[in-house]
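Sharing a structure, written as structure tokens. Questions coming.
Think of it as A, B and C in the order they're written, each chain with its own count starting at 1.
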Amino acid sequence: MAAIRFDGVTKIYGDGTLAVDALDLAIEEGEFMVFVGPSGCGKTTALRMVAGLEQITGGTILIGERPVNHVSPKDRDIAMVFQNYALYPHMTVAQNLAFGLKLKKISKAEIARRVRDAAAVLDLEQHLQRKPKALSGGQRQRVALGRAIVREPAAFLMDEPLSNLDAALRVQTRGEILKLQKRLGTTTIYVTHDQVEAMTMGDRIAVMCEGRLLQLGTPEQLYTRPANTFVATFIGSPAMNVIPAPVLKLGSDASLVGFRPEHIRVGSAQNGSVGFEAGVEVVEYLGDEKLAHLRLGELSLVAKLPVAERVEPGTAAAFAVSREALLFFAADTGFLADPPA
Amino acid sequence: MIAFPLRRRQRRHDGGAQGLVLEDEWSRPSVRWGLGSAHKLLLLLLVVVGLGPILWLAKSAITPTIDTLTTPMAIFPHGLAWGNLSTAWNNVDVSLYLRNTIVIAIGSWAFQIVVATTGAYALSVLRPKFGNLIMAALLTTLFVPAVVLLIPLYVEIVNPPLIHHSFVNNYLAIWLPEAASAFNVVLMKRFFDNLPREIFEAARIDGAGPFRLFFSIVLPMSRPILGVVSIFAVLASFKDYLWPLLVLGDPNLQPLSVRLPQIAQFTPLGVFLAALALTCVVPIVGFLIFQRGFLRGTGLSGALKG
Amino acid sequence: MTWVKQGGLSKLLFLLPLLFVFGAFSWYPIVRLVLMSLQFTNLVQPAKWVGLANFSEVIHDPLFPIAVRNTAEFAGLALLFGYPVPLIMAVLISEVRRWRGLYSVLAYLPVVIPPVVSVLLWKTFYDAASNGVFNTILGWVGIGPQQWIQSQAQAMPSLVLESTWANAGSTVIIYLAALTGVNRELYEAASADGAGLWKKLWHVTLPQLRTVLLVTMILQIIGTAQVFIEPWLFTQGGPANSTLTVMLLIYDYAFGNSLGAAYGEAAALSLMLVAFLTMFSLIYLRATRSWSTQ
């Protein structure tokens, strides 16, 4: 178990692309840290720099207080789980698990023990003698995890390990990975583009965009106090409604106001809330709730309403949002701002 | 008419039938009859023209010379002459030349595999700085027809620049030039290029250095392409004529392809045909066993050149 | 030392076999060829520079135009016999519904026979006596015995016939592979548009095969321009030089009894052959580019 620290880490590719821009980040021992962001934001590059698969252009990465900039991947005491699993196709599951250990010259008995234990934890015991092509996607993913576990590393590095699984399997495996990590207590960096995964799995989440860290915090912090409009609209689904403040008569053009779909109520404004009229375009019935797509002038809004609420597509209605739920952002920078006076 | 719907179901599970003639067209009697006849005609043609000469050779190999000379198309008018085969094998020394052919083929194969795998591995996986330059130099040799290098190669073998010791009558003179096959390297490199890079990264993290990566990961994953390159290396070696003719003057070292024309004059026809037949056994048997490799490889080479 | 650490040494080690073998037996000979064409070499004394004398000797050799014409004739005939036939066969085979493997194997079988064997075999077929194999077969349909490779007029076509037999199979397989790559949906769409079999062949199959067809043609021309075994083993260039090809002439220059040891001329002619084929390829590629890019 080790803490991992990024000190002003930068990555510039040979052709001049800036992939990671002076990243400062400290991950605690045993923490499940999620790097999340759209593609190209640098999260995978950052992960690969920790693994040693990418050279670090500037700054230092420390694994457990040891700078590892010039340490080769095999000596960094990390284990990686790849998006496409990267299993050795010509080896059995057991051989896949044992390969790295054999290279480390670990004793046969110890290797056998670790492989057995990992197979037991991941329910792979019947599959040990099979080759990857005979396994299902979920089983292959578990072998990839197993390969990481047997190394008993200081940190797990996971690069979108669930993105190749179908939706149902993804939800199930999510939970299994979390349970595993809690049980082993290994520091983990988990990269994903899916904010649901980030929110449900991370102890803390690092939201990245264009190589920079936009916000670091717990899921709750990111959800209730997003640092800027990007984080605000990225986290949470459906996305937060962010519109110019004057639309709700709440400030000047210099401000944006944001409110989550679940904070919109049907009905006219009461004390402590702000009201508006909007046309209902489409209503999506989800069983436990309804999503109403609204039109306010040229703006599109989404409201998450209880099923009982009566809204008809093609009609206009009055809606209200509590003032407490409103967040204000500066229109030019997108940063969170105080409510206008 | 009852047969018709049954056949239809069969055909749908018929893997790989091309799409030119669609199911409904096939059901039209004129198409079925016309195409069916064309196929039967083609099959007949292939058997008579493709297989015919080879069958004739097999037949004549065990027919007495006199019969082959007087009535070549008759089938064993006066019985068989198995003796042709044993004479060819022993007295005409087909066994020796066959052994030479095999030794040369194995050596060719080994050198070609070593050069192609190590070179393609370096260019594809290790990626040295001048990799592109080397690739370009390799590709230009693809455009130089091999036969045209015979003259300078011959002079080089007879009088090598730094060594000043002739390599005539040395199998290395055959193995080394043949190993310089840009085709092999390009084929291998393309295959290696298509291997998922993530596997190499996983191996790196597992602690595999370049040698371990080569032997434990890349080579085992490359069995299909190794098979194809091997088949063509061995086949090309069997078919080689002019170069071995030039550099192997010692009859005891010569392979079958070089020796056979030279003994044609003073060998009785029956025995000679037996020798020819014996020469074909290895290629034909090899082909029948490794059909898929041959046919896939030829298709691959066509795609490559395109 | 950092170079070694960064894996530089292993990169070099892995490249060594390739660099050695190509350097010594591919790149160096190419350079040597050019040099030799400008030198007089007799393997005993050091080579002397003679400028373009070798080229001049070759061009003025009366055998040179004969060899060029014969080679063109061989390539042309081979194209005539050996280009459309494999295509037709491949299209037919691709539509075979059962036992397609059998067709492929039969077509490819002649290709695995070593060329020396097939030439020597066909040499017996071409026996000009009335009880030669082919003459006997012709006798069945009432045609008199032919001279085949002993006749100036028939020698070259006889060579081409054997060469086509021995090589068409690999072209068939290449076409077959390309045909299986044609998207089935194109045929279905064409059918839906009302195209019959012949129209589909013309408008879907052939265009999709365009690149393969063009490449095969140029490769065949290049290959047949270098033909050696057939004229050498069948007729030694005869009768009366009617099957003397460029490669045979090169061989004669370098190793032949009559001319022999004229390595300079051999190199010069080799270089001329390469230059011609390269120019031809470039012109060909330029001319067909508009057809093949789609």
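Going forward, a contact is a pair of C-beta atoms (placed from the backbone, for glycine too) under 8 Å apart; a residue touches a chain by one contact, two chains touch by 3 or more.
Treat the numbers as computed from the prediction; the structure is a model and nothing was measured.
K.L.:
Can you pull out the chain pair that has more C-beta pairs in contact than any other?
P.N.:
Pair with the most C-beta pairs in contact: B-C.
K.L.:
What chain sits nearest the middle when you go by CA atom centres?
P.N.:
B
K.L.:
Measuring between mean CA coordinates, which chain is farthest from chain C?
P.N.:
A
K.L.:
Return the distance between the CA-based centres of chain A and chain C, expressed in whole Å.
P.N.:
The computed centroid separation for chain A versus chain C comes out at 60 Å.
K.L.:
Hey, how far is the Cα centre of chain A from the one of chain B, in Å?
P.N.:
Each chain reduced to its C-alpha mean, chain A and chain B end up 54 Å apart.
K.L.:
CA centre of chain B versus CA centre of chain C: separation in Å?
P.N.:
Averaging C-alpha atoms per chain gives centres 16 Å apart.
K.L.:
In chain B, which residues are in touch with two or more of the other chains?
P.N.:
none
K.L.:
Write out the stretch or stretches of chain C touching chain B in their complex.
P.N.:
Residue list for chain C touching chain B: 7-8, 10-12, 14-19, 21-22, 24-30, 32-33, 36, 41, 43, 89, 91-98, 100-110, 112-118, 120-122, 124-125, 131-133, 136-137, 165, 169-170, 173-180, 182, 184-188, 191, 197, 200-201, 204-205, 211-212, 215-216, 219, 222, 225-226, 228-229, 233, 247, 250-251, 254-255, 263, 266-267, 270-271, 273-274, 277-278, 281.
K.L.:
Can you list the residues on chain B that touch chain C in the complex?
P.N.:
Counting only chain B, the residues touching chain C are 11, 14, 16-22, 24-25, 31, 35, 38-39, 42-43, 46-47, 49-51, 53-54, 56-57, 69-73, 111, 114-115, 118-119, 121-123, 126-128, 134, 137-138, 141, 143-145, 147-156, 158-159, 161, 176-177, 179-180, 182, 185, 209-211, 214, 235, 238-239, 241-242, 246, 256-258, 260-261, 264, 269, 272-273, 276, 279-280, 283-284, 286-288, 291, 294-295, 298-303, 305-306.
K.L.:
How about chain A: which of its residues touch chain B in the complex?
P.N.:
So the residues of chain A touching chain B come out as 51-53, 73-74, 78-80, 82-90, 99-100, 103-104, 147.
K.L.:
In the complex, go through chain B and note every residue touching chain A.
P.N.:
Answer in residue numbers: 196, 198-199, 201-208, 212, 216-217, 220-221, 223.
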